[in-house]
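Take a look at the structures below.
Here come two complexes built around chain A, the first alongside chain B, the second alongside chain C.
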Partner chain A sequence: MRLLLHLVAKDLRRKARAPFAFVAALSFPILFAGMIALAFGGGGKLPKVRLLVANLDEGVVGSAVVSAFGSPRTAGMFETTRVTEAEGRERMERGRASAFLTIPKGFTRDLLDGRPVTLRLVRNPSEGILPEIAAQTAGGLADLLEGARRVLSAPLLRLRPYLEDGIDSAPADADVVAIALEATHAIGGASSLIFPPVITLRSELFGGTEPAAEDKGGTGSQIFLLVLPGVAVYALFLVAENAMRDVLTERTLGTLRRQLAGPLTPGTYIVAKALYTCVLATAAIAVVSLVGWTVLTRPVSLPGFVLVSMALVLAVAGTAAAIYGLAGSERAGATLAGAIFLAMGFLGGGFFRIESLPPGIRSVAPFTPLYWGTQGYRALLEHGATLSGVARYAGVLIAMGVALLGVGMAALHRSARAGTAA
Partner chain B sequence: MFDVRGLVKSYGPVRAVDGVSFAVARGELFGLLGPNGAGKTTIMSMLSGLLPPDEGRILFDGIDLASKPLAVKAALGIVPQDPALYETLTARENLNFWGGLYGLSGSALRSSVDRVLELIGLADRARDPVKTYSGGMKRRLNLALGLVHAPRAVLMDEPTVGIDPQGRLNVLDAVRRVAASGTTVIYTTHYLDEAETLCDRIAIMDHGKILAEGTLEELKRRVGGRDVITVRGAPDLSPLLPRIDAMPGVTVASAEAGKLVVAVDGSGRGAVELLSAVLSSGLAIDGISIQPPSLSTLFLNLTGRELRD
Partner chain C sequence: MRRLLRLAVNDVRLTARDRAAALWLLVMPVFLIWLFGSAFGGPRGDRRVALTILDRDGGWLAAALASELDPSAVKLDVRRGPDASPRPPPGAVRWIEIPAGFTEGALAGTQQTLAVEAAKDASAEGTRGAEVVLARAILRTLARAAEMKQSGATLSAAAYERLRARPALVSLEVATAGKGATVPSGVAQSLPGTLTFTVLMMTTIYGAVFLTIEKREGMLRRQLTLPLSRGAIVGGKILGRAFIALLQIALLIAVGKLAFKLDFGASPLGLATLLGAYTFAVAGFATLAGAVLANPEQASIVGWLASMVMAALGGCWWPSEVMPGWLRSASHVFPTSWAMDGLHSLISFGRGFEAVVLPSAVLVGFGALFSLAAAARLRA
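Presenting the complex of A and B:
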């Protein structure tokens, strides 16, 4: 044991003197998740959609559309500016808005007559997701107007003269009563469909439960939460790869040969390298977890977290050992590891949430340790899973880790002996 | 201390070591001299337990290396041909690691590290990262790493290859001091002068075999008083060869563009005949040198060719 610790201490000291690869691997998930969160979450608040509206319609529906973007539900998302068509085009050309909505002339009249009408939305592609929000909202609004037109077609026909003339033109009292009665009948007829609605949409996260708790950070931290586990697990593989590569680095340096010419067996040497890899991976988890905890500030089951982490450490060490055990040289190992980890990142849900991937890829994902690590952390972070809730993930990781470590260490043992005999 | 019997090692069809046997006494500085590819490093790999021989056995203080490798390895120090160092660590950290690997710790480790740092003259640079060292300093540290645990025997595999003259002198001086302290040293080299000035006994190797073995004086006696005459001159000295071949007691060792090496009996007659032939040939001659009997002449006699650096 003393010898093992002596070897690990030497490797840690070397790593401390040349920490670039370790720091780069660790920075990757934090920067990646942070940048995604900043790009799409603004560090806690979405930036407002700067919407230009040119309302060429004289009627009330056009005004209603404009008002919809300033309603209490949407006011936090939109910064609406009324413009003329020319002003709108000019501002868009200068990139001064996220999107430009044009409500055409005669929009109200055509809608009431049942003629096709078009709301025109021009999006600014440099604004990322923001124009898409405007498009989605406008699309929803169009659907809403269409539904209302169909249900309230009769009373709206009565209202048409007033609507076309604008809201300043008020109907007579008798007309108001008649229209109100007709509208009540129409809504009553449709009430069995809309009160309560027959179709409800319940949106929930994959796994069947709602998030464990609200974050203080808002949207930004939510996005950080979505991205971090996958890229953090991916980065852990990079850390392990860098550590295990040291077997072949030492072979090149001649220090492996020199050590094995001393009172050290190849087996002890390889076990020490695996131990060193585990220590580095554990340190990496600690750092990323600290950052994650600082940003997310959500309670997580500590025993569950420790179990998944330790199982993952075993799995990443095993994967790296297997890769470098089977690789003939340092360069071949690095190339092989890069390709395998990248494939795992995509297939195992490291870069994209597994739910968003095509079914074919989803069926492959469980064959990668990255998938089980990512899902384990997501269960802890998103669903508040406890120790028993992550036992399945940890179990698979441990099984994969033991198998890969066995194969890898046997191959590295052979490689170490061959390297010293050369 | 070392008793090596009938070592054989082949790489495919190539017999790198072919039935090598020798013995090294305690405190002796034993040299393996031979050109590159003679099999010296393969023998060192087998002596250090890194490479199992195909045939033969190695006894160290009566212990069979094959049966108790760790026990033997713990008593040996290794100085590989190329420096095997951790460049991001300091010299002291390197020495601490290698000393610890052999079981040293605490004050024993500290004093041992201080001792070898003094020996190689790097005490004042001990806290600098090795990557800031010159090539010569790295060679000296490479030597120190093999000595830090005060081994009973040290295997040094061409420790002065690729080193500047001053660094070479420093390393050779350190090797002498190690040997003077009573440590057994097996030293491989292809430099004749190193073997001549350092070693108590020398084994001359070529093509995986030991051709001759003994002290320097014993080996010189084996030369039998043959001088080596080197003629330098015209690009093509081949017109001389038929006449030289016909001379009794004269052997052409090598003939190449502008250079002819010939071994002649030490009686003087052969040399005179050769010089007459050369001078009367009409070829342009730049210079003629005569070397007295030495390891170089012995190697020439044994192999029919020169031992080159």
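Presenting the complex of A and C:
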């Protein structure tokens, strides 16, 4: 036991003398989560849609469409710029806006006359989300105009002559009364359906519900905490890989043979390396957790956190041991580890939240220890899970860890003995 | 020049001898293209959101509402009768329940409130998308029902269908800037970013790790005893890395063209110039990292870290439009942003060679800067 501790202490001292790789691996999740918080932070809102509008219509409906993008409901979403048609086309070709809306000439007149009218929207092909918001909003406006035109057909026809270009006389009192009566009649017939709308949608987007607790504020720190678990678990695999790689590096450099020439068995050496890997992984969790704790806004079950962390330490040490045990050389091990970790990172929800992945990939995720580690931490951070709530995640991690560590240590033991013979 | 080429060929030969390199350089990027493509809607780029209607009403207004949901935006599954009963509905990602008595109640003026519910693992973006589509369907349904009521017509499915069958009075025509091709999605959307990311990552990690191994094993010291200038050795290393990166790029483009039928724009010359310049920048960066870092562990971890940061901020992982304006501008300190700008000009906008002159020039500048720094810092 003393020898074991002595070996672990020696490796830790060595790591402390050259901590670059360890520090870099640890800085990765913090930097990455910080970067995403920076990119998607800003109160959790998307940047405004840069919308160019060319209003070629000179009537009231065209102006109303333009105003709709600056209304209190939409002003927070759009940054609207009035342009000529040529300017709009030129700016779109240079990718200077998300979308370009053209309201055609005679839009008001044609609409009032019952002739089909078309709003034209040009999307920026290098953007995905913002032009879609512009398209959906413009589509909603088109639906609204169509509905209003059809329901208010009679009063609009009566109003039509006064909206003609060049006519600046106001309607006579009698006409105003007639138009108002027509409108009242038109709306009155359907008022039970539309005032207020008899079918409503309850959603955060359209009102009627409070934002979910975790979405309130949507600040950068909350985004940081949403991203951190996945990338931190990924970084833990890198730390473990770095530690376990020592076995093959020492074999290549001949230091393993020298160590085994003393009163040290390959078995003790391998157990010491596994222990060293576990200590490093635990230290890594402690450091990342400390950073996470500084931005934490609600309590997290400490026993649950410790359980998931310890199970994860076992799983990452086991995974690294299995990879280096089965690899023929240091270089092959490093390549294999990199490929496996990267695949796990993407498939297991390390870099993208598992819900955003397609069902096929989601079904593969549970075969990776990274998935169980990430989900365990997410349960603690996002759903307030307790010790019993994370027992399932920890159980799977422990089972995976024990199995992989068994395979890995047996293979590394063989490898270490081969190193002595070499 | 011959010596430079010989050094480069030697570098390629050493890489080719490493069987694991094939996995990294060739198999992994294809896997990532597939993975990113799947996350963005699969090879065909189907971005519709899944939505199940549980029609427990069975009335004509409920059917009318379902028919108003835009089929180009939602993958609709309407369940009626006993199929509409289980809750949550088996296999459904997100769903709307239309309660019994919906049609009768709504026509009598009784408020009906609908909500999109989602399974625990449904994406929040998809659910918001479904809400937008549903809101528009409600608007259309109410407008037609109001029109029927106002005109005194009998409220029925047939009357509703007659109104719906009329040509639209107000429509929205959506086109795409550039050559007007459809907005790339799925693999087409992810390929430029994945290509930029994987070439950077693989070249940096492999280039830097190999160079540090050469330093550790004394191979570089032996090379420096040859009648070659330090600049020539660095040039040879950069050329070797560039060969490998170009091979990787050629493979990814071939896979994109043959397996996914992707369009890489109308300017092969522009594409070659841009990717050639990017290769130079990336190979220079890999050599600089190998020159500066002490051992393979450092090289590997820095390679990971640098490529992930540059890829994410450069717009390879997500559309850069979602980043604040200042960050979008700041991200141009990385070669990835310039490469993505050029690729979008060629592939998304369908522009010609002139669109990649500036990005290519900047990338060559990056490459020259990294190469000079690598030559200055390379020590055996």
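Basically, the second predicted complex is superposed on the first by the 244 of 422 C-alpha atoms of A that agree within 3 Å, B and C clash if a C-alpha of one lies under 4 Å from a C-alpha of the other, contacts with A are read in each partner's own complex, and residues count from 1 in each chain.
The criterion applied here is as follows: a residue touches a chain if its C-beta (ideal position, glycine included) is under 8 Å from a C-beta of that chain, and two chains touch if they have at least 3 such contacts.
Computed from a predicted structure; not experimentally measured.
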{"item": "First (chain B), second (chain C), both or neither touched by A:69", "value": "neither"}
{"item": "Chain B versus chain C as contact partner of A:24, first or second or both or neither", "value": "second"}
{"item": "Partner chain(s) touched by A:100 [first = chain B, second = chain C, both, neither]", "value": "second"}
{"item": "Contacts of A:255 with chain B and chain C, given as first, second, both or neither", "value": "first"}
{"item": "Touched partner set for A:6, first chain B, second chain C, both or neither", "value": "first"}
{"item": "Partner chain in contact with A:324 - chain B first, chain C second, else both or neither", "value": "neither"}
{"item": "Partner with the higher number of touched chain A residues, chain C or chain B", "value": "C"}
{"item": "Shared chain A contacts, counted only where both chain B and chain C touch the same residue", "value": "18"}
{"item": "Chain A-touching residues of chain B, taken from the complex the two chains share", "value": "45, 48-51, 70, 73-74, 76, 78, 80, 82-86, 88-89, 93, 97-98, 100-103, 129, 145"}
{"item": "Chain C residues within the chain A interface of the complex", "value": "18-21, 23-24, 28, 31-32, 35, 38-39, 42, 65, 106-116, 121-125, 128, 131-132, 134-136, 138-147, 149-152, 167-178, 181, 183-185, 189, 205, 209, 213, 294, 296-298, 300-302, 304-305, 308-309, 312-313, 317-319, 321-325, 327, 344-345, 348-349, 351"}
{"item": "Residue ranges of chain A in contact with chain B within the complex", "value": "3, 6-7, 10, 13-14, 17-18, 253-255, 257-265, 420-421"}
{"item": "Residue ranges of chain A touching chain C (in the complex, touch as defined)", "value": "18, 20-21, 24-25, 27-28, 31-32, 35-36, 38-40, 42, 46-47, 92-93, 95, 98, 100, 111, 114, 116-131, 135-136, 138-140, 142-151, 186-187, 189-190, 192-194, 196-203, 205-206, 208, 238, 242, 245, 331-332, 334-336, 338-339, 342-343, 346-347, 351-352, 354-358, 360-362"}
